[in-house]
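Here the structure is laid out as structure tokens; the discussion comes afterwards.
Order of writing sets the chain letters: A, B, C and D. Residues in each chain are counted from 1.
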Amino acid sequence: MEWPFMTAASGPVEVTDEVLRAQSRPVLYHYDPAFVDFFDHTSSLLKQVYRTQYDVVILQGEAVLGLEAAAASLLDPGDKVLNLVSGVFGKWFELYVERHGGQVIELAVPYNEAIDPADVERTLDRHPDVKVLSVVHSETPSGTINPVAEIGRIARERGVLTVVDTVSGLGGEVLSPEEWNIDVAVAGPQKCLGGPPGLSLMAVSPAAWEAMQRRKPPLRSSFLSLLDWKDTWLEQRRFPYTPSVSLIYALESALRHVLEVGVEPYAARHAAIARACREGVKALGLRLWPARESIAGNAVTAVHVPDGITDEQLRGHMRSRYGVMISGGYGELAGKLFRLGHMGKAAHPAYLAAQLAVLERSLADLGFPVKLGAGVGAALEALGDWPPGGCSEGRSRRP
Amino acid sequence: MEWPFMTAASGPVEVTDEVLRAQSRPVLYHYDPAFVDFFDHTSSLLKQVYRTQYDVVILQGEAVLGLEAAAASLLDPGDKVLNLVSGVFGKWFELYVERHGGQVIELAVPYNEAIDPADVERTLDRHPDVKVLSVVHSETPSGTINPVAEIGRIARERGVLTVVDTVSGLGGEVLSPEEWNIDVAVAGPQKCLGGPPGLSLMAVSPAAWEAMQRRKPPLRSSFLSLLDWKDTWLEQRRFPYTPSVSLIYALESALRHVLEVGVEPYAARHAAIARACREGVKALGLRLWPARESIAGNAVTAVHVPDGITDEQLRGHMRSRYGVMISGGYGELAGKLFRLGHMGKAAHPAYLAAQLAVLERSLADLGFPVKLGAGVGAALEALGDWPPGGCSEGRSRRP
Amino acid sequence: MEWPFMTAASGPVEVTDEVLRAQSRPVLYHYDPAFVDFFDHTSSLLKQVYRTQYDVVILQGEAVLGLEAAAASLLDPGDKVLNLVSGVFGKWFELYVERHGGQVIELAVPYNEAIDPADVERTLDRHPDVKVLSVVHSETPSGTINPVAEIGRIARERGVLTVVDTVSGLGGEVLSPEEWNIDVAVAGPQKCLGGPPGLSLMAVSPAAWEAMQRRKPPLRSSFLSLLDWKDTWLEQRRFPYTPSVSLIYALESALRHVLEVGVEPYAARHAAIARACREGVKALGLRLWPARESIAGNAVTAVHVPDGITDEQLRGHMRSRYGVMISGGYGELAGKLFRLGHMGKAAHPAYLAAQLAVLERSLADLGFPVKLGAGVGAALEALGDWPPGGCSEGRSRRP
Amino acid sequence: MEWPFMTAASGPVEVTDEVLRAQSRPVLYHYDPAFVDFFDHTSSLLKQVYRTQYDVVILQGEAVLGLEAAAASLLDPGDKVLNLVSGVFGKWFELYVERHGGQVIELAVPYNEAIDPADVERTLDRHPDVKVLSVVHSETPSGTINPVAEIGRIARERGVLTVVDTVSGLGGEVLSPEEWNIDVAVAGPQKCLGGPPGLSLMAVSPAAWEAMQRRKPPLRSSFLSLLDWKDTWLEQRRFPYTPSVSLIYALESALRHVLEVGVEPYAARHAAIARACREGVKALGLRLWPARESIAGNAVTAVHVPDGITDEQLRGHMRSRYGVMISGGYGELAGKLFRLGHMGKAAHPAYLAAQLAVLERSLADLGFPVKLGAGVGAALEALGDWPPGGCSEGRSRRP
């Protein structure tokens, strides 16, 4: 089957050619001293991107591994977890809590809304025995963002550990576990960071390590164990098992690119493109999925499927006629919305114009009344100050 | 220095990732039987793309090598060449004719015009001793096209050999040396074919071979010799010197892609995008460089630099602010026009929208009054029947 | 730090350039129809390499994930597992059993020995309530092989489910879950198959699926769950979470290569090189680690560290002086042995000669008395019938 | 057709993976400022490898282009050239001289011999009107070396310009146009430098430029013109025509590697491997082609085809049975000798051992009596001081 011309989906994202070249380096034996050095160096880049002094752990599996590992490593049977749910991925975390013996208290909002910190405050005050709070920073299925910094502060004041799913947040927003009071953060390379999928990028606070060590018994000798990485990699520069060598090459390249641009300009770039994308979508007469623009995230723009067309028709047409792959709704949201991705390499005016143009043309082909050019025009209008301040230039880096 | 995000220039063009992967295969010894086979196979693909039964020769140097080789191999001192000049590249051929002892008769038109076959007829009738006629099919510096089929017929009727520079023509238009009465055709991989620069792709008619053999003495043992390739490669499957192994890998990949799409749909795709590009440019209030749209070519769209902006300002702004590299005017045309390239991978709606959007935004940034979105909108309007008939789908191929 | 010139270690192995090129294809969105097709196609290649009609599952984490997932998915609290231990990796499985509530009965032999099927028979007869038997096919740390086919038959006769770690076995030996009565097999791409690390390649028998479904409750919604893959991928062509797209590209290339050579010739090639390696090692006056050659495996050749030299000296010297990376002893075997790897691309006379030559030269440099050339000579002597029957030629494949 | 496992031929050589990755970077438009910078930077690396202050020119065609360009650019009709001939390539230069109107005086020796500087002195004294002396530094077809430094001095003393074919010399020996009194040097990337074929790497002395400018008329507007590069690139940072973008990427990577190792250690490495190769060959009872070892070069080792076997049998067997490609005799030397290449990446003990081992095994297979291991053993014996002094380590570099 033919491959698409361009991917502008919700992740895994299209990565740059330099990431692909990095990934095609010869596979080293994991105990080759050059690889041990390389892994160490990559970890230190990750610390810089996370703007943290906490330990970072690179788990060798896609981000759901990191999320489950957090639950499995932190929870004793019966431990209470306040799970904040504003979308499909937030709801998923409940499964990990229950699988690993925890008890869920849920604070939920509709899937086009964001969590209100005041509600968190009230709920925690009602449940003083909550041990862990879990929240999704960037709800990719909904294209929304939660106020994690405020939530983290509230939790910290009450001695509650905070686990944050920032899988599609890191890179697209400026954050720091210390500033935001996050105890366990889980990011993915395959979203805003512009790398390939297959790793969980974690930051772990001292308090979280202590909690893991207090668990009875501490979770060790498991693919789900974070302590295994502490005992081997962090303390002895050994691996608990064979890491995914090629993916580490790719990750290093992606992280290095973020740092070369600068963490703040890199995020500003995502914010600017996301804002322009929303302007483009609205100018086409489409309706954004998030209840308010102030809670729309920088990773993807979620849009109501317009009347008279199905999600599958639109996405199928865009791909088969114009070779552009976007995403539909996920889980409960299937059929209700479609999503334009603008992460990593795609966080660029050229990419945005291309995908909006193909969207416009496709809507017109399918009989939805659009003024061709209106979406791209509105997006360009919003990009008057590109590249965003601090971001030296609008170009990509290549060796 | 940072590299551009996207290249939409007059060639070398940005190539597909599969061409790059092909090019990164291990370098074989040129007499490895696998390479000899591979070169043979690549030559046979070239024959199919040229739609010819004539011999094809892949000279191991950029297209100007092929052009000079044609002059050097065909001409005896004093031979008369009717050189048709409708642009910078047409004028260049005079240098090769003179260098190799020929005598030039020039038929020239302004550089935004095309050659009129009736003028060719008249000129040849006035100069019955002309041996060779030379003409540029696609004048990349001007974005224009010459009526080579008609000119070829006129020359053939008079026993004149025709040398055609179709460097940026092959792939973008459907042609055949036999149908168009071309004796020596020279194409480049780095234009519509979507490959890298460094080779001359030639088709040679039996009459041209005879003329080369009648030359006194025949040109042999030279980098400029076509007969060397006939004597060695065509007749003995040996090489006159070491070929550029990696470039042959890339060429094979590019040619295979053209044939998978189909020579006719592949050209139709270029025509459709070129037409849409012109609509986009006009909708922005810009003026096309070619005197009439009927002579605009499919490779690049040449546009008058608008008043109040310089060519360098515009191109510099597009690259430094938005990472998009386009071309300026070349030679005598420097400063007068700029050129949007839409060859190979760039002959796609997504690429066209991206470059027009960046053009619009840049014009606005520089104070030229544009209605943002107007150019992309007009282009999309013109692409209502994408992909053009016969072309199965609008996607790119990747293994 | 400089990278080695050549890797001949115990895995991850050096992969071919075509695997690297495959891995450097653009990252697709996992729900792009082209990727769904590609994953399906890769799974079908894996079935052919496993010579099985059972379901295959490609877990998205290194082989220890597959092993833990087998334990986690099959075992209810208190279930008895007969764990056969002939090396470091065999012993490891005990940890997974205990972590997931099982009870271990151990049958162990020294780490240079293989399990005797008669002992297995006796032990199972003594423990009629054993639910699962676990065994390592190829004990990479010891360079030994266990008689899995016989053990599988014994277990099947007693209604015991068999879990086999064939991480470094598949590809290096011809096996089939059906013929060998294996219920859950776990292989790794990064060993004899010549791919990169990061995946668990599993075959699951109907009986194993039933046992997983009978578990109370069935393990679902976990990175350790095999049923998640049955429910989503096998039944609905959906993914339980994002797969490691790039690694699937690489795996497909590696599997395709095995099938192009042929599963049997591919394994025969490994056997021939392993035999030649042992001859080479013995001719240098070194002592093989396995108690008898009949239990030496095809993946690596384990060798006693000779007196007067340390393992680290030897390996360090080979790498720093000659750029060749080999492996030392692992876990309890550290310092006692070193290992020459000859898997995948390295299962070739040229690679074997190179690593033996560097070994010889290094031993001499370190004062160990060797007749230079003796090891390579003996290895070459043993390769008189290369390539092994059925294997068309001794070359590598490249596009 | 299957590709070989390993190439150890006379060039193009197998290049490193980093060169291949460099070559697979996106193709830039040649007037993209990043490419202009890159070309400039690459030229400056070439100057360092040539250890020269002279201008360097990178002609965009394989080394025969550079050789012909030297003749074409320097010679007026009737100019006398003393052509030193010690092999097939030396003889070839006569063709270029004659094609471009020069008159050849030949000083020849048998093709297993080297030029004696005393003979050069005598001949030049007999022909005081010689304008240009031409000599091949490393005669790849013969595996021999000429004493260019002494010859250059002799020519300079007599005001004769010296053109040196160091296509397979640069990198394998330490040279400098200034120190050796070379006026025009021509090297190739595809030999000791470890790059791909397709470029001529030239150094041009001020005296040579002057001679070219005095030619009547100076050669301009031709693919054979060196002055075109002076007028455009050297003076205006413009290109006379489109350069082979991808090959420049590869060249830069190869040159950078040489400089990272150090020009002297890099050459010492070639010398050490060549010496070891000769020891290996002799230990197998084979006879070296060069009349004396003192004139054997560092690029390839030429060996008499032993009685009872043909060149084609041996080479065919090595490739079809063991996947190793070596070279035969070229031109007049066809059938008389075979050649083991040890340039670039292949100038390494592991590569040498691999090719000698396959040679040994193949000779034995074909009935030639060899003691298996004797060749590799003798080579290893000769490598007791690897890596040669000044060369930090025996490893390859990779990012």
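As a working rule, contacts are C-beta pairs under 8 Å (C-beta built on N, C-alpha and C of every residue); 3 or more make two chains touch, one makes a residue touch a chain.
Note that this is a predicted model, so its numbers are computed, not measured.
Undergrad: Could you let me know which interface, A-D or A-C, is made of more C-beta pairs in contact?
TA: The greater number of contacts lies at A-C.
Undergrad: Relative to chain A, which chain has the most distant C-alpha mean position?
TA: D
Undergrad: Just curious, how far off is chain D from chain C if you go by their C-alpha centres, in Å?
TA: So the centroids are 44 Å from each other.
Undergrad: Please work out the Cα centroid separation of chain A and chain C, and write it as a whole number of Å.
TA: Between these chains, centre-to-centre, one finds 34 Å.
Undergrad: Using mean C-alpha positions as chain centres, tell me how far chain A is from chain D in Å, no decimals.
TA: Result: the chain centres lie 53 Å from each other.
Undergrad: If a residue has to touch 2 or more other chains to count, which residues of chain B qualify?
TA: 2-4, 17, 20-21, 24-26, 319, 398
Undergrad: Using the touch definition from the top, list the residues of chain B that touch chain A in their complex.
TA: 2-6, 17, 20, 24, 319-324, 348-351, 353-358, 360-361, 364-365, 371-381, 383-384, 386-387, 393-398
Undergrad: Any idea which chain A residues touch chain D in the complex?
TA: So the residues of chain A touching chain D come out as 17, 21-22, 24-26, 398-399.
Undergrad: What part of chain D is in contact with chain B in the complex they form?
TA: 1-4, 7, 9-15, 20-21, 23-34, 37, 60-65, 68-69, 95-96, 99, 188, 190, 196-198, 221-224, 241-247, 250, 319, 325, 327
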